Amino acid sequence: MLQPNIETFLACEAAYEEAEIVLYGAPFDSTTSFRPGARFGPRAIRSESWGLENYSPYQDRDLSDYRIFDAGDQELCFGDPKLALADLEARAGQIADDGKIPFLLGGEHLVTLAPVRALARRYPDLRLIHFDAHTDLREEYLGTPLSHACVIRRCWELLGDGRITQFGIRSGDREEWRWGRDHVKTHPFFVDMDALEETVRAIGEKPVYVTVDLDVLDPSVFPGTGTPEPGGVSFDELRRAVTYLGERARIVGCDVNELAPMLDATGASTAAACKLVREMLLAIAGRKR
Amino acid sequence: MLQPNIETFLACEAAYEEAEIVLYGAPFDSTTSFRPGARFGPRAIRSESWGLENYSPYQDRDLSDYRIFDAGDQELCFGDPKLALADLEARAGQIADDGKIPFLLGGEHLVTLAPVRALARRYPDLRLIHFDAHTDLREEYLGTPLSHACVIRRCWELLGDGRITQFGIRSGDREEWRWGRDHVKTHPFFVDMDALEETVRAIGEKPVYVTVDLDVLDPSVFPGTGTPEPGGVSFDELRRAVTYLGERARIVGCDVNELAPMLDATGASTAAACKLVREMLLAIAGRKR
Amino acid sequence: MLQPNIETFLACEAAYEEAEIVLYGAPFDSTTSFRPGARFGPRAIRSESWGLENYSPYQDRDLSDYRIFDAGDQELCFGDPKLALADLEARAGQIADDGKIPFLLGGEHLVTLAPVRALARRYPDLRLIHFDAHTDLREEYLGTPLSHACVIRRCWELLGDGRITQFGIRSGDREEWRWGRDHVKTHPFFVDMDALEETVRAIGEKPVYVTVDLDVLDPSVFPGTGTPEPGGVSFDELRRAVTYLGERARIVGCDVNELAPMLDATGASTAAACKLVREMLLAIAGRKR
Amino acid sequence: MLQPNIETFLACEAAYEEAEIVLYGAPFDSTTSFRPGARFGPRAIRSESWGLENYSPYQDRDLSDYRIFDAGDQELCFGDPKLALADLEARAGQIADDGKIPFLLGGEHLVTLAPVRALARRYPDLRLIHFDAHTDLREEYLGTPLSHACVIRRCWELLGDGRITQFGIRSGDREEWRWGRDHVKTHPFFVDMDALEETVRAIGEKPVYVTVDLDVLDPSVFPGTGTPEPGGVSFDELRRAVTYLGERARIVGCDVNELAPMLDATGASTAAACKLVREMLLAIAGRKR
Amino acid sequence: MLQPNIETFLACEAAYEEAEIVLYGAPFDSTTSFRPGARFGPRAIRSESWGLENYSPYQDRDLSDYRIFDAGDQELCFGDPKLALADLEARAGQIADDGKIPFLLGGEHLVTLAPVRALARRYPDLRLIHFDAHTDLREEYLGTPLSHACVIRRCWELLGDGRITQFGIRSGDREEWRWGRDHVKTHPFFVDMDALEETVRAIGEKPVYVTVDLDVLDPSVFPGTGTPEPGGVSFDELRRAVTYLGERARIVGCDVNELAPMLDATGASTAAACKLVREMLLAIAGRKR
Amino acid sequence: MLQPNIETFLACEAAYEEAEIVLYGAPFDSTTSFRPGARFGPRAIRSESWGLENYSPYQDRDLSDYRIFDAGDQELCFGDPKLALADLEARAGQIADDGKIPFLLGGEHLVTLAPVRALARRYPDLRLIHFDAHTDLREEYLGTPLSHACVIRRCWELLGDGRITQFGIRSGDREEWRWGRDHVKTHPFFVDMDALEETVRAIGEKPVYVTVDLDVLDPSVFPGTGTPEPGGVSFDELRRAVTYLGERARIVGCDVNELAPMLDATGASTAAACKLVREMLLAIAGRKR
């Protein structure tokens, strides 16, 4: 008897019940104001992952040794971000309640707010580590507080001062940079590994959420995104940072977002996103062993 | 002394005060649920129009003989369609109050609701003539009533039964087609010129709003749109229809929408949009003389 | 509990056991000698089908009323067409043995040989109706008899003279045209509906296999294919022909092939392929009722 | 011993001395003011021709039966059209002096002036038949008389009133259309076969130059050109016209120009250009037999 | 009353009279002999600049604090570089005479000759600092001295030996490299900051013109240019160099050229060009305070 | 008399008899299982090479000083790799027998097996130096041993343990990495110049074949390939390595492969391939002097 057509990220074919980590996709970019298309990110990451191997020579680990489940994409409302966020938050909460780590594939960066809401309720001392080219600290944008450009500010409202650490930031308006100085810790321009290690040491075993806006990468490495910002970090720089976090920090949720495949004419950005997801999965799953 | 850089559609360089027709752009596609990018439509129509001539050999008319003003694009909220529609409605209303014809360049099709709201208030017996591949008659879509897929249903709530005539429709869910039978007049699959002439005769001098979703065109002619639907109308078929309307009907507002330049790899769709806008402008302006 | 990520063509979500028709994909183009990429055809048809509706206003039928199963893509050997064809033939045979109609999504045109082999064994009086720009009647091509350019010649070896009818052919070398005159019935340049109706009448209730090389369409409608051949048929011409066949002939298997999404810069070709598959599914399933 | 790498249009592999027709390429578009790239046209026509067959089922003729030579592209000056035209004129003159028909692959349309200069000197009663979307009758453009937009006006200066017949024209400024009425014969919008046959009858055995600006085709068929103009002719319409001319008129030179492969995202425009060149070659060569 | 549609680079919205710096665009690439399209560079830089912020975290400066005017693009002759250069020179001269700094957005590199002519006349001791992959020192190219490949040689004829310093050069024919050794100072392969600082020190307060051919950047960073030359400089390397120049040298004119947006499939090159222009504007404007 | 149209890599225009090095193209990618298109690599390298100069400022050498012949592409079987390899092996053998160095332009990586077969027979102590992102050490792939993913394993069967040295490898399945530890020398992740120099010293004057799978480059530099693997080497790193080998090792054959121009949206990958080929040609030819 023939089976239906199941499509997952690489070898992430565990049953939900036994899974340690759960991938879930947010095909949403309704507040993207410049170049859209991040809605197609999770689907592209899933289908193009098969150009990679399960095995990482960097970590000497293989995805087939771990139990990961890929829940596919949720159908989300276009036109009302509140509805979309509520649906995503429910899914993240369910995964966490089932004792698994929710790993979100965006979508635009606003989607990060959904799992942070779900997890901040469950982990009152949650920390956020944020890789991005942009501060995302606006109070509101184009008249609405629920915008990709405001997402870290919304997270700060949930987490408070001193809980958010940013890396790679190189764009924002003057007001964002000023406000940020008093409320979050920003390491600009590149990924300062010393600062990252210091941050992880200070956090210890407190729960951490990691959000990766892929535009932290230099546009030469990752052009396929809505708002490319020249002067960014290299692939290996980011790969090392997220591997370090996966292996050392107690990650209770994470996301990788802002791949816009329509803007990735050659597929190189998608390949970079896939490989980062693989390395993060392996590092997080490896730590749990 | 040097002048600032003004960019308009072709020769639409009249002063606002003296203009008969006002072009205004809606760079908005926040509810587009399939392939986005219509936000860039008005800008592309404006910049690529310069590949055309001012003169139409079809009508033996020249844009430089008429007074048309191009107001450029409004900055609209991404993430809250209510706000965007309110801003667009205000602009359409102002143009109408100043005794000019508002000509909207979309954007996704939802934007049509804004000028129809503005004009239905001013013209209680307003008629709507609608060219499209899709019925757009859903009660709601993905949880929201303010969606591109519901826009003609929303217009019907303002205008009532028997006021809306559709041409070229070839897609919709079963429920939409059923509902439509009782509330609007649908001429499916192609542009039936006999039916169009009959419609215009029946309307007489009542005010008409014309909305053109460019995906009514066959995808061979107009691939650069979010939801291409094979089996559509030819360029000349649509050109003749809108020219006929411009010359014979009392148009009090109109729009051309759903060009998504990112999906128009060759520029041919943009050229088709530009030429239709030119022909509509010439026919409407010519009738007023 | 979350479900795994199942991806099918539109609403083709029946269980295998209850299905009347089974879609199966052949991601193969190893013998394509000009522009490759048809391997990605079935995946694109599946994922882009969601831009369509389940409902066809042409037939007043809805996919959700029928039982269709989508088996996804087989993993096929690149580098040895014999192996790939054997795997595909086994699948087609299994589906036929289970009393269902195998509906193949190619891939390059060589894949047609696999189901024709499976079905010719089961139906000794099988007929083949062939839509294509190219004759595909070469004895061999670039040194091998198993080539896309030879597939109908290979089918003829199984079916014999007078069993194959071609429509829309407008390319081939001089020798192919000469050979064809004696062995197959060729209706060149367009889809002659009179000839098609005559063919169907003559066949009566004998079993028919229908193969659609999408390059029979004009490149304006369907540029996204390896060997576009100008001067082809329109979308509606082909849609009417395959609908007629689905409703009138006893189809025991069929395929749609040669969509190469990498060459379909705008997505319009993929949309055309999707809509044809929907219309064929509805017509075949409708006849069975 | 290995041979050097020779690239020609299809089977155009005769030696120069024995050739009846000589293809020569003009990789030039220095005066193109809108979207450039026609410089790459001849190279693309040559390399993509191999997707076609040598044999035409329309004419039942095969290129391998005729003696045609492909001289490749000349290296032409960018920055001084006078120099480029002089080099091209010399080549056209040499070919004509050697008793062969010069068949030019452009390039932008200005290149037509070079062979017309060469042939008008040799054939004082030369006629010009012109397929185009644009009149190309400007006195000057952007300050220079040597522009693609003026090329037919420049030809008229050589040939005089009543010698030029245009087909398919649908764009030009008001002044061009007015001037044209008194000096050339324009058949607008489509290819009027009755008018073409009448024209050929009137010309009789006088020498004819045929120039095909491929943008005469509808942009759905031929988007890959600098200035696509919606509402054009179909492929078969143009194919029939040029075949008719090749078979009935005494063509002493011809050209096909304005393919811009960078703008031809799918390759369909290039395929159309290749097929037209093949049909023209076969018709002209066939008549000479 | 509605305003006309003004499009400028970011916040460069000062009135001309009060401006310190004037942006002006040269949509010209008529002598480009390889891959064209730089004509669209200034328009793309202007429209895509809105993906950036006004504020630079590198310099802690904000464009809204300075008075910059954007004059838009001049309409230039295609087909006669002499005419185009004359029009550009007039504009540069007018800006300089009005006491403002002309900042040119190209266009192909030949356009640099126009402001250098205008300024060399006004500043007899003018120096030129040149960033490029190519020497551009040919005596003539394809038969003409007015070519992008000769522009620095033409500048040298105005400035003389020892006045021109080049950085990043990695391509040229053997003769250019030899000639260059005697007449200009070339720092090949990368941007040698020590050499740049030494150059600036030696120049002191003498007037400097800075020309940036963006192909000095590595093609990974900046593929969107006519002649990409592998092995180039990084974005931050060039950003630091031009910022240093803006802050330390007495710049009396400058340009950024050779962005060809048609070749920039992802938009990353355009983003790089925009950010460099912003940083140069801020550094130059900041020094004047 | 006009000459036929000869197309070669840059100035590689020697007669075959006098040539020291012979370029030959393998337009083959029939076993490519992910993204196809490497078949078009050699043609693109040849035609785009003209964007470069003959002269290398890195080596101060000029191609016009050496005798190199370009044999163009062979027509190879699609659908039977055995046939294609046999034809390629014959050509490589002929070139070697004529005392020249065969320099292969691929094509997918499987083509390397053909010259290695030809040369291993002629040079029993042949060494292989291999640049790649992937190990290519599989015993079989998708059911066949003749696959791009197995090519170095097939070479090892000819050469034996200790004869193959790999650089830049960063992908493979776990089994390949394990097997490789015992049979080949792998320097992973980057090009370790110390290890390369040590390798060359150990080899001394023994004959060496160098195979460059261009995907060893980082996808930012070289996205235009079937299986981009993030985290690769820079252009200058690879340029230095192959120049070192050309100047120091006794190269008896080499290849550069896996450029897929359809995936190289901007042309930057093709430019990188061209420049590497030029530098390798100059280094190898320079050593022979």
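Letters are used for the chains, namely A, B, C, D, E and F, taken in the order the chains are written, and counting of residues starts over at 1 for each.
To be clear about the criterion, a residue touches a chain if its C-beta (ideal position, glycine included) is under 8 Å from a C-beta of that chain, and two chains touch if they have at least 3 such contacts.
The structure presented is a predicted model; accordingly, all values stated were derived computationally and were not measured.
Participant: Going only through chains that touch each other, how many steps at minimum separate subunit A from subunit F?
Facilitator: Step count on the best path from subunit A to subunit F: 1.
Participant: Do the two copies subunit B and subunit D share over half of their interface residue numbers, or under half; same or different?
Facilitator: different
Participant: Which chain's centre, taken as the mean of its Cα atoms, is farthest from the centre of subunit C?
Facilitator: Result for the farthest chain: E.
Participant: With residue numbers as the basis of comparison, which of the pairs B-D, A-C or D-F duplicates the interface of A-F in over half of its contact pairs?
Facilitator: B-D
Participant: Let me have the rounded angstrom distance from the C-alpha centre of subunit C over to the C-alpha centre of subunit F, please.
Facilitator: Each chain reduced to its C-alpha mean, subunit C and subunit F end up 39 Å apart.
Participant: Per the centroid of Cα atoms for each chain, what is the distance between subunit B and subunit F, given in Å?
Facilitator: That pair's centroid distance is 55 Å.
Participant: Where in subunit C do residues touch two or more other chains at once?
Facilitator: Counting only residues that touch two or more other chains, subunit C contributes 35, 218, 220, 265-266.
Participant: Let me know each pair of chains that touch one another.
Facilitator: Chain pairs that touch: A-B, A-C, A-E, A-F, B-C, B-D, B-E, C-D, C-F, D-E, D-F, E-F.
Participant: Could you pull out which subunit F residues touch subunit A in their complex?
Facilitator: 34-35, 169-174, 177, 188-189, 218-220, 223-224, 227-231, 263-266, 269
Participant: Under the definition above, what is the set of subunit D residues touching subunit C in their complex?
Facilitator: 50-55, 57-58, 62, 218, 220-221, 235-236, 239, 265-268, 271-272, 275
Participant: Which bits of subunit C are touching subunit A when the two form their complex?
Facilitator: Against subunit A, the touching part of subunit C is residues 1-8, 13, 16-17, 22, 24, 43, 46-47, 69-73, 91, 94-95.
Participant: Residue numbers of subunit D touching subunit E in their complex, please.
Facilitator: Going by the criterion above, the answer is residues 29-33, 35-37, 39, 75-81, 83, 110, 142-144, 146-147, 262.
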